[in-house]
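Presented sequentially are two complexes of chain A, the first with chain B as partner and the second with chain C.
Coming up: the complex of A and B.
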């Protein structure tokens, strides 16, 4: 059964439309990640589901029932806020116990049971030493875990997490990512989680909902979104550190088809060229390549036939990020192994041809559909 | 460097002058309250004299007309005390509602708040005549209740306005978190927002009390012998033939003591109230 359904939901604040006809579904026990840059409408979407905002149009179903007119406390949800929203005048233990002491739930628990449950949750999160502290006496990571504890104790139908680990430092973020994933699976609960970080989305989510400027871009499993981004925007999100794009034109010469600009010429199989010609009258293409799919070599080879220069480089332990000056553009390459390079050094580069992405320049749509075979592109 | 020093000296001199101007009347009244009538009436103000406590004894323990000063003090306490309570109970939830509830438009909300505040700006004299007519008709003149109700004109606008700004400073997310945690508006008010503004509200209560305690005009028109507060009673020391300067000064000193004590307390709380936003967890 679909635990959460958002159907053509619209929401405006004055002249700004934050959510534009958003539709998606989430199954029971699934972790649904809403991925998008800041200002994409992630938080608004979450607030609409929680009932903190009234939607202008559309329907939200929770557990199969229309929830449009339900107040937040009637929806049986739990939510952590980006700012954690801990109650500053209560101790950690009072903060965590607060949902169980709500008027409608109070009758179900004795004081002893509440105490027991608080201790259980605190132990699970490793904050049992902090129960008598006030929120202002805690570090960011500790506050985050208290906020998490307050969410977990309730055993709600759906958990909502609004960028819960965005403000933690990198190490702690990485640790919490794994811990939260494990937690979600042990609880077998439905989770909706927002983030602007594809890696986080991919690490935590069973299903990723990509949105931009309030509009749905793509829904799918993380791997599917990585392998078959529906447009250049989604592709850009999945690139680390950032996407490389070339603007090219499709030309025909001597019975052959080529994608070219001033720096590069790629020969296309005929089938693929026809496909482009059918969908794209202007024949203009945005070529996308992930940093990890750029081949870098100090010697010329078949795999790295193009001359380039190193603009700058960042060794990151086991990884190496190189910014490459290639013709008119700067490309980012991410190498899995270390190699000795220097600024302004001449190098040779190539692309993993099977991992090239072709987008319509105007609409941004990915021209290569999942499963289509057109033969390979070559330089 | 030299310039900075001069600036500081001038600043201190200025502060001292202002302090003296403000405090001198209190000082003078205090001196009068411990002087004998002869010393008070001396042609040149006397700073060295034989201090006496008769004036205080007269009004606190005395007999006849003078002894009723304690009664007036009690009247003031009842009227300003209950008046403050009523203002507080009405204006704190009202301020909360104005800060938090969604009305059809933000503008309506601001209009309501500003209309209330305008009662505070408006001269009390403007409503005295209709108030007196109504009170006579309703039989509220010379009653505690009548005075307490009239004092709401002072207490409620101030209370609503300040309570509204206190509640407005609390991050909305706390209330939202509580509403998701299963609480309705009333409980959120009671368990989250109210405890967070408690220091500020203590200062507010003190402020309302001081303003109501100090009121003169409403009492002048509405109060009678049985309900007269100290502000009015002090006038009683001015007789047809003579002015009882000594007793009057003693009465003034006694009547400003509660206000001074509360003001000092309020100062402490006000500082807390003002820094509240900065230390929020």
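Coming up: the complex of A and C.
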């Protein structure tokens, strides 16, 4: 059974439509990540599920029951925000216990039970030795865990997290990301989690819901999103440090088909060319390639046949990011190993042809669908 | 010639020692990064160079001149901050030209110099805009141009890009590297971000608790960290540091990590010489570890998958060997479930040993 169902949900604030016909589902025990840039409608979606906003149209089902008219506290959810919002005058223990002392739950727990539950949750989060400290005596990561503890103790049906670790520094974010993932799996919790960072979404999510400008783009497992992005927007989100795009035209010459612009000519198998012709009257294509799929070499080879120049480079310990001046464009390449390079150096580049993406210039739709097999594209 | 020399410099605020016996040199034309966590003394160091703080003890030389007693204006330096602080009523060009006009430079020359630096920073097309019409990155570049327009001995850059968003910061790192190369000027760049230091600097000086930990090229710092602090501070994800007991048996040396016995190659074992010392930290970077589903000659240490994170073009595994946790960076094709036992191995040339008490690097 689906634990959470959002069915054609709409929400406007005055003339701004924040969520446009959003539909997705999540199973029990699944971590569902809502991924999108700022302003995509992530937080609004989460608030609609929590009952903090009223929806204009559509249905939200929680545990199989229509929840549209339920008040927030009747929905049995717990929400954690980016800001921890701990009570500064209460100890860690009192902060964690707080939800159990709320009026609608108070009758259910004795003081002894509360104490025991606090200890249990604190142990799970590795903060059992901090129970008597005040929030100001804690580090950022510890505070985040206390806020998490306060959420966990309610044993809700669904956990909602709104960018919970976005403001932590890189090292702590990395650690918390892993710990939260493990925690969700251990507790077999149903989680809805928002982020603007594909890497975080991929690391933590069983299922990723990509939205942009309030509209659903794609739902799928992280790897599916990465390997088969539905359009150029989703592709762009999955590129690190950023996507490389070329605008090309499909041309026919001497019975052969080519994708061309002033810098490159790619020869296309006929089947693929036909597919483009069918889908795209203008014959204009946006070619996408990830930084990791660009081959860089100091010598010309079959894999790196195109002359280019190094604009700048960033060695990052075990990785190397190179900005390449190639014809009219600046491309980003990411290398998994170090290579000695310098600014303005002449190099040779190539693309991993099996990892090229073709998007319709107008609609942005990925022309190569999941499972399509074509002869290889070549330079 | 060294443009900036620190000789046994101390800074005390009452009882607190912010900078302790700091000595280093920044060569002419060098891009030197001063790197450390907050509270490491890098800001105090910068302020002493700029003349905004007095030097408690020691000497600072800028361009061969002892500057201990010189006023900030007489030190032949330029400073760029994190905060851009542009003049809102002035255009980009007027903002950049301002420091030269303040010096009373002839206006034809001011114009030429300002336009020249604007070209290097890629601002030529927006010279007539007001700051309110610029993006964050353009404002930052304008502020940098204003700092770089004066010809001085040393340019001090204080976390100039740390508040920009991730994408812009990444592109600014590359741009700054180009700018430095074109200007051939001496840059002292203060940052807490190891990626900025690694990606841009010719050399990095790492500070912690006011003490210089190591100074060297990014390659040296990354591959040959001087101590436990540097090893743990540099690298993302960070280096794995494991408590290890050295056991010598029948001419072979082993590192015992929570029950698992790792064989240690002779050339490394020979350097861990003192027979009475047995406790060390073993360091290995996440991408120098190998993983396999099956036991093999290369991968013979069993470990339990604690967390599995697929990140698109790579996978991070958090595994447990006994009670110790390791991070492993591997290809996205490797899949594993929480609780699964996998076999790990390492490239013996890539391991580091640190003295457990002093934290100093042994190998």
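Everything below uses one rule, namely that the second predicted complex is superposed on the first by the 370 of 379 C-alpha atoms of A that agree within 3 Å, B and C clash if a C-alpha of one lies under 4 Å from a C-alpha of the other, contacts with A are read in each partner's own complex, and residues count from 1 in each chain.
To be clear about the criterion, a residue touches a chain if its C-beta (ideal position, glycine included) is under 8 Å from a C-beta of that chain, and two chains touch if they have at least 3 such contacts.
Since we're looking at a predicted model, the values are computed, not measured.
Participant: Which of the two partners, first being chain B and second being chain C, lies in contact with A:79: first, second, both, or neither?
Facilitator: In the superposition, A:79 touches chain B alone.
Participant: Is A:71 touching anything from chain B or chain C once the two structures are fitted on A? First, second, both or neither.
Facilitator: Only chain B; A:71 stays clear of chain C.
Participant: After superposition on the shared chain, which partner residues are touched by A:326: those of chain B (first), chain C (second), both, or neither?
Facilitator: Touch partners of A:326: none, neither chain B nor chain C.
Participant: Going by the contact rule set out at the top, does A:292 touch chain B (first), chain C (second), both, or neither?
Facilitator: In the superposed model, A:292 contacts chain C only, not chain B.
Participant: With the two structures laid over each other on chain A, which partner does A:161 touch: chain B (first), chain C (second), both, or neither?
Facilitator: A:161: touches no partner chain.
Participant: More residues of chain A in touch with chain C or with chain B?
Facilitator: With both complexes superposed on chain A, more residues of chain A are touched by C.
Participant: Please indicate which partner A:184 is in contact with in the superposed arrangement: first for chain B, second for chain C, both, or neither.
Facilitator: neither
Participant: Report for A:235: first if it touches chain B alone, second if chain C alone, otherwise both or neither.
Facilitator: Neither partner.
Participant: Scan A:136 for contacts with chain B and chain C and give back first, second, both or neither.
Facilitator: After superposing on A, A:136 lies in contact with chain B but is clear of chain C.
Participant: Contact residues on chain B for chain A in the complex?
Facilitator: Listed in rising order, the residues are 171, 173-174, 176-184, 187, 192, 195-196, 279-281.
Participant: What part of chain A is in contact with chain B in the complex they form?
Facilitator: On the chain A side, the touching residues are 50-52, 71-73, 75, 77-79, 81, 83, 85-89, 98-99, 102-105, 134-136, 150, 154.
Participant: Could you pull out which chain A residues touch chain C in their complex?
Facilitator: Residues in contact with chain C: 170-171, 174, 177-179, 181-182, 185, 198-199, 202-204, 222-223, 226, 238, 240-242, 290, 292, 311-318, 321, 323, 334, 338, 343.
Participant: What part of chain C is in contact with chain A in the complex they form?
Facilitator: 167, 170-171, 173-175, 177-178, 181, 195, 198-200, 218-219, 222, 234-238, 285, 287, 306-307, 309-313, 316, 318, 332, 338
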